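Okay, so chain A shows up in both of these, paired with chain B first and chain C after.
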Partner chain A sequence: MIISLQHLHFHYRKAQPVLENVNLSLAPGRIYGLLGRNGAGKSSLLYQLCGLLFPTSGECKVMGYEPAKRLPAFLQQVYLLPESFHLPDMNITQYLRLFAPFYPSFDHDAFKRHLVAFEIPREQSLQALSHGEQKKVLISFALATRAKVLLMDEPTNGLDIPSKRQFRKVIAGCLEPDQCMIISTHQVKDLDSLIDEVLILEGHGILLQESVSRITEKLSFRQVMSLEESEAPIYSEGALKGYVVVAVNRQAEHSRLDMEMFFNAVMVEKEKILSLFQQ
Partner chain B sequence: MEFNNTQAIYLQIADYVCDQVQLQHWPPEGKVPSVRELAVNLEVNPNTIMRSYEYLQQQGIIYTRRGLGYYVSEDALRKVIALRKEQFLQEELPQFFRKMFLLGVELDELKARFEKFKTRQAKA
Partner chain C sequence: MQFSFARFSYLFKLQLAANRKLYLLSMAAMAGVMLCFMFLSVFTSKNGFQFENQIDFVTVALILSGAFFASLIFTQYGDKDKRIQSILLPVSNAERLAVAVLFVFFLFPIVFLLLYFICIAIVNTVDVQVLGNRNDIYMLGGIEGQYLLMTFGLVQSVALLGAIWFRRFTFVKTIVLVCLTAIFIAGANDVINKVVVKDASAKVAGYHAKVNKLPFPVRYEIVGSSPYRSMRFSGKSEYGYYIDGSSYWLSLPDHQMLFFLIFLGLIPLFFFYVTLAKLREQQL
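And then the complex of A and B:
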């Protein structure tokens, strides 16, 4: 396991816990999708993993290191792409010269390729770029660091429609077997074809951690004209043509996971769904 | 490639590979794109492509050469057709029958139409 949290607690103020008794084991070579409502603690969790926040109690181990100690040997293998950021007043070449040396595995060719894929001009001053373009520079940088642990907080926020596609292509081509990516997102439709495993953060802890294949083994996602057509529906939403249904997968169907529906279903029918996965 | 919302992505990708084989875009004994190449192309997680390739390998449609990657099996075309025929009989035909039943269409009524369809296909 590349990331292991045990009984991790964290609060800013004692009366208001942010993370309570979080237990989590994440493997390399996988992309995890971190889902949760606003204020559920997604960003706080990511910050714990890269040493920007320290646990109040409990254990946090990433690649065998304790992030809170912030050892250089640890920091050069982890990268956090924050949701909001501020870039210094310089051009991309200067930015690289300043920041790339912190990452010994930094891949300059890959960085160039990603910039080309995102159609970012290299000579531009970073400040002259739009917010979306700045984000693309940071995404390119993040992937080029070849960090073993890559944390991305809402990476597709602010990207235009064609760039979301580029983003998926770039990520799909980058994942290494010894690398673990965690992507926190509300834009599940942008990313659902990339995610191996779903983490849902709710009530200050990890409510659910399941691979996409296990979710679709237990549940079936389908569209039906009337609710009677579907066996054992757990959750449904009205749609233009009938209903979208999350049901117990009794026929061993191979349906496609609708991550948005799944998330809503977990929020509304917590016990029913969790009990399916506990079997 | 556009994925539909109903079927698991790994099966849709397997279907895409079967299309390539059936259309003979990927010839027998030809190399299949690497996992990474197809992942970038289709914008999906490489682990999902791996799952599709493992599934296709179980079906005997592709095989691995150690250290070289995946190749199309010699008799892939025959296997794709057999697999798809089975899928048609198991999955699509019952739905078709259900519609026939609901609409009161008898088999005799279809027979003449199917013969006509076949001659048209043969000419085309």
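And then the complex of A and C:
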């Protein structure tokens, strides 16, 4: 396992607990989607993994390192793309010249390729770029570091519709078997096709950790004209043409995971869904 | 403690490149302020910009501007977005501290003194050649120069700690901290003096009366005995006036004073250690 959390507790000073008794094991070669309501502790969990916050108690191990110690060898292998960020007043070439040497495995060709994919001119000043374009530069940089653990906090926030497609394309083609990526997001529709495993954070802990294949094995996601058409519906939402339904997959039919529906279903019908996965 | 010269040099280049505009503007501003003040002294003082005034000017300017610069050396930790980037940059805290020390203790004073000497050379030329005043240029020599460098080192080490200890208004808070510390030291020093000398004042008075064959004992007080200086006793008359030629200085032998000087030299190292500890415990 590349990431292992054991009985991890965390709270800010004089505040309610943010994370309580979190146990989590994550494997390399996978992309994890971290979902949760606002304030559920998604960002705090990511910050624990890279050493930006220290656990109140419990154990946190990333690639065998204790993130809180922030050893350079550890930081060279972990890259966090934060939701909001600041880029210095310089152009992309200068940024690359100054920051890339800190990452021994930095792939300059990959960085160029990603910039081309995102259609960002290389000689452009960072301050002259829009927020979305700056984010694309940072995403390119993050991927080019070849860090073993890539943490992305709302990476598609601020990206326009074509850029989200570019983002999916770039991410899908660059994850190595020894890398692990955790994407925390509310914009689940942007990342449906990327995620290998879903993590849902609720009530200060991990409520559910399941692979996409197991979710679609247990549940089916369909659009129906009336609810009677669906067998054993667990959760439904009205749509323009009928209903979108999450149902128990008794017929072993193949459906595509609708992550937003799945998340809402878990939030509303927690017991039913969890019992399905505990079987 | 991990230290790599390669990472140290990357961080040094990064610090320089990320702040180059600020540094260049600050240098221009500093030179402008120096020239303004010096020319003001030249044209408004009767004897131009005198040697003693140069000592006072360079002492106050170097220490204040140095403390201001040092208090901003970790300014990136005051902003959440920049803090994330700084904390996660793959460098050790020792390397961060080493770069900060290089900037605060070496590069800043070198640049400051370079600007100072350029400015004073210009001003002194006008002062001497045009106005006909006879003023030499203060070259940081003598005991004043030694005290200046010593005080600079101490204040910079406190300012460096303040830069990481406080997240906002670092300069103001550091200055308040320095003032409170100075007041505490002055107060404690006074109390310690009185405890250490006990009835020494009376003994000095007796000694003075005996040596000078005076028929009356003179009352003695400790006067201006700041830390790391000799203790000075001055005699007072019965009417409360200090009597001329009645002062005595009490000094430690050189070999004993050496221990105190070593202790004084260790104070910045203590502040470096606390700064390192504060860097280590930085969180979001």
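Assume the second predicted complex is superposed on the first by the 277 of 279 C-alpha atoms of A that agree within 3 Å, B and C clash if a C-alpha of one lies under 4 Å from a C-alpha of the other, contacts with A are read in each partner's own complex, and residues count from 1 in each chain.
Here is the rule we go by: contacts are C-beta pairs under 8 Å (C-beta built on N, C-alpha and C of every residue); 3 or more make two chains touch, one makes a residue touch a chain.
Keep in mind it's a predicted model, so treat the numbers as computed, not measured.
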| item | value |
| --- | --- |
| Which of chain B and chain C A:Val248 touches, first, second, both or neither | neither |
| Which of chain B and chain C A:Leu276 touches, first, second, both or neither | neither |
| Which superposed partner A:Ala110 touches (first chain B, second chain C, both, neither) | neither |
| Partner chain(s) touched by A:Phe102 [first = chain B, second = chain C, both, neither] | second |
| Touched partner set for A:Arg70, first chain B, second chain C, both or neither | second |
| Partner chain(s) touched by A:Phe85 [first = chain B, second = chain C, both, neither] | second |
| Chain B versus chain C as contact partner of A:Gln94, first or second or both or neither | second |
| First, second, both or neither for A:Tyr47, with chain B first and chain C second | second |
| Set intersection of chain A contacts, chain C complex versus chain B complex | none |
| Chain B to chain A touching residues, read off their complex | 3-9, 11-12, 36, 39-48, 51 |
| Chain C residues touching chain A - in the complex, by the definition given at the top | 2, 4, 6-7, 10, 13-14, 17-18, 21, 79-82, 84-85, 87-93, 95, 280, 283-284 |
| Chain A residues within the chain B interface of the complex | 29-31, 165, 168-169, 172-173, 175, 193-196, 213, 216, 221-223, 254-258 |
| Interface residues, chain A side, partner chain C - complex | 47, 50-54, 70-73, 75-76, 78-80, 82, 84-86, 88-90, 94, 98-99, 101-103 |
